[in-house]
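Letters A, B, C, D and E name the chains as they come in the text, with residue numbers starting at 1 for each one.
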């Protein structure tokens, strides 16, 4: 008979000792942490923050890095494309730092700009969906492990992430429907087309990696990656990369939000902070998928341990690999033109589907032959 | 716009609001006229408007600045008004180019509107087209206006008193305008010109034999230019004969001669398929009375004349029988005066001196 | 323009004014108010500030003459009624025939149009001034430069209303290279001769003056009101004619005729004091009187007229016939009686002396006849 | 004749009715056949300053009706109220990036009327200015095509390449874009040798950077994918609908006014006409890329010719008459005295020029006495191939509208005049 | 005639083209050919014949009205100054900077400058009266560097120098032709005095003696602006070149 989860258990779970057992250990500033723990109230908070799951949630793959990454990647993308296009990119905002806080300026402007809800939009949904969409976008952060720091350790973490990530297009379609404008309709229909086109190869490549590692638990995947996944099954990595490009609708597959043709697709009617939120979804999705890619293929979190930092070294390695993937995604923006919808569908349904099947085959072969070695 | 600036400077968040809007003035993609070339230079690699945080963005909803590039016609004024209304609240307008200020070169055009009458404007940039540097100066001035709350022009003139120069005893008379327009001029399109062009003579002989009796006169007006004066009733037959060799229309033109109470309608044909006829332009023209301005449409022989005919209907009021789109406006806005190119529609005259208001 | 002396100093004689005040006031008091003004509008031509307006709908007037008139006296020099020397009788002439043009159709023989067209062809003139009419028979002046332009514009047919030909003549004189031809009633021809005597540029540039026989002319607005009262619809009017003492107005559907005497009440003062019927000063005088129907009487008075007539003859543009001068003599006598309408003090000094001389030798002749009769 | 002065009734209120130049029963017909009617309006990131009324079934465009006139600046009416010389800046405004060719047409019409022979040096300077503006216009159109395909680098690089061209035009004429440098009889200023040397060097800069532009945009697989076999105009269709310029040559007709009726010094300079007979958007674009290479070689040959010529004598004697020895190398001080009272002989004078986007026709009708034209008719290339552009859209996909629009390089201010 | 062939895209070619595009992008990312002029902080070095704002020197001006006649946009209006002379005033809201007026001015009274980046806050301020056009206007200049386009070898280099570009170039006066006005047909003169009243330098004088008016043109004073030639209603005046130094 499973013992009931009584009141004492709850008290036990939120007690300080519980946090201390599973705390992030950073040798470099360990004495400071010990001193802080002594202070009654502050100590409890520090302990809570440094408690691995909360740390994963708040600091690394969670809120803090998400915001800084958002701020950084938008700036870096505009800076990189500018550099390729022989110009300077955002600069005067903070001249000595090369205009790093440009995205902050844009965000502030959007925050204080009037939010227009036009006459025949479904007012309620029009305003709620951009906020609701954060659920499928932020949920996967719980399951992504950075070395030992992970929000929720569960054997099905990869499956849950993929399932939640594939929920995002549904919300985008809902946003397009809510804004009830002709361009939004065309945008949503294109989003739906693209969604089917890239979702299947995406899931096939994830399955092939599950086959390669034999488990769907990201923590064990990372541990089993003595040889990084990209070498084991490079084709799956290629498919994963191409489908991430299609998922985050970046050039050459920027079809739903083709602002030259249908004026920014489903998000055309948004203004002010609503537009700010909607614009960041694509970047957050890119962040999630690049974290996923670095875990599946680049052996997220494991690399030569930096002695002084202890647990944080895994965080740093995962961050570097994720950044590498995001930079290469940003790099494509200045190289490619936009494909037509039917061309993109033809490419994904034919070539990418075939490649993903090949990668599945490789996954199966590896699974059967080398279950011992990798296990 | 004043209440935009007041909104930004009010409340406890004023510094954030001002700083955010200052460094992210996104102009909407509202291409209005030919100054767009210099706007593109200001936002391309040469001067890179993005350095100042200003990104050329496609949709009115997400931007807070309109850069009116150049001339606003009556038709475009509606679009400018709609775009301005679509934009969220703190919004600014910069007008660039002389055509947008007081009409520049087209100040007395019948189709022109001043942007400052349509939308409240923050800054005016002279020049035709203004250099990208003056456009970026306008964005800097707008940024200063947002931060400081009141607008200042970026130029000051210092007075110079002219009394030092030798004066004239009393006020001189004003000389007349240099323009001379002869009162009732004779308009002749087929003024013969002796030019050595033997291929032309051969072609004219050929035409004379082929179009026996259909034309009033065929003259060579210049090298590679032949003018055929015809009656309105024979135009269709001549067109069918000529359309075998000449396969496209280069010009459909109408000349209004009010004092001889007639319109001259002329079609200039040329040929791509016949090699040596390529440089030749044959000009068929006919006189029609001003009272009933009807003319047979030749789109059935040359589809390339379709839009040219519609334009001539729009500007002169010549009804081309057979052209499907007659009766509708093509180039002009619905409220432009009727058939503006006729000679009796007068434009505002040039004015060379300031009236002295004693 | 030929060999001209380029001088830096020159003198100009100005006429002495009869009363105090500006030149225009003199002209108004002495010519216009006393009814001598024949609306030839020479003053409107020569006024440097262009203040004098000569429209067919009202008397010659200078609206704000107090400020605008610069008292230059040019209008007095140009006015042939300032020192009025009445002209009468048929005057001397070289040739008297009747002609009917083959090329043109006009009031009668259309010889006026024929003369101008041939002069254009000969190259004697490069521009001719015609009085055409718009669809309400309002007189409009046309600058005709070529024969086929003549065919396109409606210029033929007498208009019986004042037309301000001279201001247009000035525009033509400024621009012409070979010379200008002008058509006009006796008062206009006398005006041109007066301008030629005063200003050299008119002597050089006006090569051919064709005169019309004229009993009286009317102001357009008075003629129109009168005709409408008589039931003539100007829009449908085709031709107006005065023959054998009757005024005939032929319209498209009907004809109205009434004796000319009735029109006396709208005859302007200028014509009441005008005695010159046969256009004494013109190079060629043309009229319908004295030749059979469809022919125009042609009185060639100057060498240049003879040249054009010979050109017409050898080119065969017109066929000719006889003229009986008695009818013309009768009409000139009839018009000569109007001398009594001219107030005595406005007659020119020269005219008074030679009138005294005529009276003396007439008395001597009568004395001689009495003496012969008495012997 | 009613002398009614034109008065404008502003300010403009937001319109309540939607004015569309479409036949009466167009809408009912479309809705009966359950098609969409889509307005790609003047304020649309992918349409430039005109409205396109598209009748689409699903994703395929059945019919495209243009609604031009948003930038109609009544040029022909204004030209009838201005001196001949004042019309030069006016007729330059339709396509200010093509400043050399556009003014060249009008000025040649006047010279043809006055029978004026232009000195040799002025001919070469004019040709250099014309070819510089041709390259500038082709780069402008490539930039716009790239923006419509979503290729931001393809937009930024051509405008970066336009900077040295615009610098060259500034050094020659004194202003960046609208030079109004060509006047009847020659050019306004003499071009010193230092500037000519800069122009020649600019061609090398262009060539070097165009190589990398070719790799990143012209030969870019996604661009080829988007442009190949899209908006095909066969040779007969191109001639029938009156397409002109590079878009006609892309459909296989070998017609270039510079070769057919050589003006200025085009017959003493060797260059080739690029032709392609596919007639699709990609060949229209490739023809213009090849024309840039040809223009670069023309400029180099012209600079070599100018090197051996003495400076000065850039305005012809026939037009200067008594001011010849004073103003033949520098018009300053005698501009109005010489050109203020130009009177063209009576008659009609038509001149054809090969502007960057196609044949440009000027036809001036003068009455022989007044110093203002009686009627000045200008037809720009945009107005010629608008019909061909609309016909090319028929049967294509909605997303290709921008690709075809960009491949035609349609510039509404030039088309509406 | 060059025949343009459209490439047929087989699988291998498109992969090669993909690689080319990516390599070009990467090369530019590492060593970019940046040609941006950071305007508020740097200004572009413009050639001396640049057509910018126009300066006016009233002592040279002969009020011959030619600049106002030639302006295509009717931006120059002659303004009556306190000393009863007409001087040009430019309305920069209409001016298209074509500098026809600078080329027309016979006495180089209008001089071009290199000032061009100016912005106004309302339309009325753009009308610059004559007094405002004489001294060079003060504009906001934030730049520390001047950038010049220089081509070295085969590539474009932006040469940055620290000094501020001088915006008022020295213009040496161009050649002038001395002319004076004479009358070639004195018998047609109306003696109306219009030429006397419109001559800016009062070179023609008129005196009435009894029934006779004497007109005299002072050859030294007359500058040959041609206003009297246009004003004379009988068109009897003409400009003639001064023989001695007009060579």
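Here is the rule we use: contacts are C-beta pairs under 8 Å (C-beta built on N, C-alpha and C of every residue); 3 or more make two chains touch, one makes a residue touch a chain.
Remember, predicted model here, so these are calculated numbers, not experimental data.
Trainee: Most contacts: which chain pair?
Mentor: Contact tally peaks for the chain pair B-D.
Trainee: Based on the averaged CA atom positions, which chain is farthest from subunit C?
Mentor: Farthest chain from subunit C, going by C-alpha centroids: A.
Trainee: Compute per-chain Cα centres, compare each with the mean of all protein Cα atoms, and return the closest chain.
Mentor: B
Trainee: Distance between subunit A and subunit C based on Cα centroids, please, to the nearest Å.
Mentor: 101
Trainee: In whole angstrom, how far does the Cα centroid of subunit C sit from the Cα centroid of subunit E?
Mentor: So the centre of subunit C lies 53 Å away from the centre of subunit E.
Trainee: With chain centres taken as the means of their Cα atoms, state the distance from subunit C to subunit D in Å.
Mentor: Inter-chain centre distance comes to 58 Å.
Trainee: Quick check: what residues of subunit A touch more than one other chain, meaning two or more?
Mentor: Each of 84-88, 91-92, 259-260, 263, 334-336 in subunit A touches at least two other chains.
Trainee: So which bits of subunit E are touching at least two other chains?
Mentor: Correct list: 21, 25, 28, 33-36, 38, 40, 69, 72-73, 96-98, 194.
Trainee: Can you list the subunit D residues in contact with two or more other chains?
Mentor: 45, 83, 89-90, 153, 156-157, 160, 163, 178, 216, 220, 225, 336, 340, 369
Trainee: What is the complete set of touching chain pairs?
Mentor: Listed by label, chains in contact pair as A-B, A-D, A-E, B-C, B-D, B-E, C-E, D-E.
Trainee: Can you check the complex and tell me which residues of subunit B touch subunit A?
Mentor: Within the complex, subunit B contacts subunit A at residues 8, 13, 16-17, 19-24, 44-45, 48, 50-53, 58-59, 61-62, 64, 86, 88-90.
Trainee: Of all residues in subunit D, which touch subunit A in the complex?
Mentor: For subunit D paired with subunit A, touching residues are 38, 44-46, 59, 146-154, 156-157, 160, 216-217, 220, 222-223, 225-226, 397-402.
Trainee: Spell out the residues on subunit B that touch subunit C in their complex, using ranges where they run on.
Mentor: Listed in rising order, the residues of subunit B that touch subunit C are 182-186, 188, 259-260, 262.
Trainee: Given the complex with subunit C, which residues does subunit E contribute to the contact?
Mentor: The contact residues of subunit E facing subunit C are 182-194, 208, 211-217, 219, 233-236, 238, 240.
Trainee: Which residues of subunit E touch subunit B once you look at their complex with the stated criterion?
Mentor: Per the stated touch rule, the residues are 34-40, 43-44, 58-59, 63, 65, 68-69, 72-75, 77-87, 89, 91-98, 115-123, 125-126, 128, 130-135, 137-140, 142, 194, 197-202, 227, 230-231.
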